[in-house]
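Take a look at these structures.
Shared between the two complexes below is subunit A, which pairs with subunit B and subunit C, respectively.
The block that comes next holds the complex of A and B.
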């Protein structure tokens, strides 16, 4: 307790240098928490959006379907099993038929996946209601990215072409009835949505589907012959991996920042053990043991992290609070490769802040202790004479 | 500490190795200091004064021979016991760099009491007293850089005596001071020796302070060349008659 008091006195006495170190360390502090919070926020946001728009409570894949291999599509359709059909009728599942095809916006050809979905479904957040069949025309729903790359607008007519069950080409004119704003690019890029019944009819795949997405709250999806169930964990693993790789650069940056701050502390300690060797001799003459002196010096160094935490919280807390509340636009937007939405809402949990503080304190204490090992070998008589270290 | 013997050395030898050469700083020094003494180690530079004080202060150990300080054998004292002995019973005053630089005069004097774990009320009373003894009560808040050399030394004296130690060791406390300040320092120490009964052993090669000594131990080349008890003023005049 006394030694802590002495360490605090020394820090206070060291003045500007203490504050410089503490400020540097507080930047690292805030940056680490910010980075972690951003990563957690990104993860959560991207996952939430993917679950809402695409994955729901999981998907049944027809046994030939492979999301990573478009060539499998030709065979990847089968009549919806009765178990899933009844789930769908109860509003707890949405069968989706996927057929390879092309569209011809403004005379150019663009290969797309044609996806049929029940306009009345409520399983995923797609605005499928807009597809509700009205006239003879084929209603189409596309995402904002596809709209941007094709130049299509609501009301535009576009020719849709596909190969039917027998492999024969067929075409029809469709009309864009809705452009959806979505952060989930995997239901947007290279895809055109239309009513399930129409796609089944056009492709000659009556009663068939490729994917059956189940509702988010559907707890126990039944096992179905010829279809494999992919749970949210499986479906999200790609996304999680992607978030990890995309944020690894930031983790490195924060680590470097932190290391620099640690270097400053280390440097200060080395210098202070050297410069204060007469003082160390005096402290020992006054009756301190070497261990006490080492503890005092180490505490002095480690206390920088407490100061830094206080400083960091002083300007970090309002910053974190407002970021978490209001979010912020992520520069680069879609280039991240996963759905972030217009704004990112980082999540700063008490656990995150606490664990960071403890970690920083421990690392700082360790770094502060390293140079003080010299004190253990220092003879008090040499120290008093200004010799040694 | 039978018979009031505070420090006793017996054939004390301290050798230093500098490169391949061996340097004998103390050669069979046998001395005894009693409670309440006001004694000076006098001798030219390099005669071993600091070396002897360091051993008496348990900061160093003899190469051979023995030193008993306040009943403890220095050569076999563990570092922790030595630290405890110093913090309780021994006060140090050095020639320069005496004060902890970032502390105020008050905090410097308070330091030994913090180590002893005294309550803050007790500390305040003792520090105030000690600063009064050395005539610096009004400079309590000053930092070492704001004090003159003489004032710094007086703060150092206050810090050495604030815990009322058995023994105060002072290594050339006046070496960096002018005559006037030297006299002040010595007068302060003489007063504390008289009023508190503290034993003072200090080293000096400063002629103008020697007249304050009641015992003068002359060291030459690591040996005790002379050990004389003096009565300041009177003794000398008697001798002249």
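The block that comes next holds the complex of A and C.
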């Protein structure tokens, strides 16, 4: 207790030096929590959007379908199995037929994936109802990114071309009935959605599907022969991997920042041990062991992190609260590689703040201890004479 | 008097019918003129892009309808690029990456070197008579030559173009104009022959304009430099090993 009291007294005695160190460390503190919170928020936001718009509770893939191999697409269609058809009828699944094709916006050719989906489905958050509420012979739904790259707008007519199940070319004029605003680029870029029944009829693939997405709350999807079930863990793995990769980059940046703050602590400790040699000799002469002196000096250094945490909390808490509540615009948009939307809402959990505080305290304590090792070799007589460091 | 008019009309129709050969006969003649066991050709594709025009020169070795090998000679950027077609499969070798990739599925719909021709179009090399029913729809004049207008309808559902309309030179049996249609009847591709020349007794279109009817632009012009028919081609040419040679 005496050591703690002495440490606090010395810290206060250092005056402006203590506060400068604490402020520098608090910046690192806040930046680390902010970065981690941003990554957590990014991950959560992207996962939530992907589940809501694309993956639901998982997807059945026709056995020949491989989302990572576009060459499989030609054969990846089969009649929807009765078990999945029943789920679809109960509103718990949405069969999707995928056919490779092209569109010709404004006289330019653009290869796309034509995706047929039931306009009445509620399994994913796609605004498919727009495909039903129209008298158009071939209504089309596209995303904002496809609209931007093709220059298509609601009401525009565009020719759609594809090969049917037998390989014969077919083409029709369709009309864009809705442009969906979605943060999920994987349901948007290079994709054109249309009513499932219409695509099945046009492609000569009656009753067939490529993917069947099940509802989020469907806990026990049945095993179906000829179809593989891909759960959310599998479907989100790429996204998680991508966030992880970006997190590594951030960790490097924060490590540099943190090291700079630690350098300040280290320098302070080195200077402190040098300037306070007489005090160290006096304390040892008065009966303190070398270990107790080392503990006192280390504690002085480590207490900087507590001060930094308090300081960081003072200006960081309102900032984090505001960011978590209101979000902030993310520069770069789709360049992040996954769905973020217009705003990013960071997530600052108690666990994140606590673990960061403990980590910063431990690292600061370690850095503060390093220069004090010299005290162990110090002779009290030399120290009292101002020598020996 | 009325019976005389009917009789005259009937006899005129019979005369015309006697003159017009059947669609199948015309197709046979077209195939006969067009198909050789083998052929080696050097040609250029003049691709009219939105802002500029580029020319690609290539040499092709073809055997029947299933084997073909093409090497691009010009421009320097594309020189050395090779394409090998064996049956329904197509491989492309690019020297810049030193890699051979198989083109299949929807990639076959991609344009070849930015032209109006897709890989699929380049692979289409079957005899028309094997794929289409034909009927003579009338007569017309194209390039100052009298032509039969022949309407083709696919014999099976797996033929790429469900129907075609082709203008066949009455004497040379060279299609001088062709429209290709989708199942829905929508016009997809047009071909317009600009000139024809004779090689080893066969009439060959040596300047042809291809156009993707759904795309804006001036299309792609195909210019034949030289062609030799029924030349022996070593088997090694039609092997994947030749792509890297």
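Heads up, the rule we're going with is that the second predicted complex is superposed on the first by the 386 of 389 C-alpha atoms of A that agree within 3 Å, B and C clash if a C-alpha of one lies under 4 Å from a C-alpha of the other, contacts with A are read in each partner's own complex, and residues count from 1 in each chain.
Methods note: a residue touches a chain if its C-beta (ideal position, glycine included) is under 8 Å from a C-beta of that chain, and two chains touch if they have at least 3 such contacts.
Since the model is a prediction, treat every value here as computed from it, not as a measurement.
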| item | value |
| --- | --- |
| Superposition on subunit A - do subunit B and subunit C clash or fit | fit |
| Partner chain(s) touched by A:168 [first = subunit B, second = subunit C, both, neither] | second |
| Partner chain(s) touched by A:159 [first = subunit B, second = subunit C, both, neither] | second |
| Vertex subunit A, arms to subunit B and subunit C (CA centres, degrees, nearest 10) | 150 |
| Touched partner set for A:373, first subunit B, second subunit C, both or neither | neither |
| A:108 touches, of subunit B and subunit C: first, second, both or neither? | second |
| First, second, both or neither for A:5, with subunit B first and subunit C second | first |
| Which of subunit B and subunit C A:343 touches, first, second, both or neither | neither |
| Which superposed partner A:284 touches (first subunit B, second subunit C, both, neither) | first |
| Partner chain in contact with A:122 - subunit B first, subunit C second, else both or neither | neither |
| Overlay on chain A, subunit C to subunit B nearest C-alpha distance, Å | 71 |
| Of subunit C, residues touching subunit A in the complex | 102, 104-107, 109-111, 154, 156-162, 182-184, 186, 188, 212, 214-217 |
| Of subunit B, residues touching subunit A in the complex | 54, 57, 59-60, 79-80, 83-84, 86-88, 90, 92, 94, 97-98, 100-103, 107, 111-112, 114-115, 117, 159 |
| Interfacial residue positions of subunit A with respect to subunit B in the complex | 2, 5-6, 9-10, 12-14, 278-279, 281-290, 292, 379-381, 384, 386 |
| Residues on subunit A engaged by subunit C in the complex (per definition of touch) | 70-74, 100-102, 104, 106-109, 111, 159, 161, 163-164, 166-173, 204 |
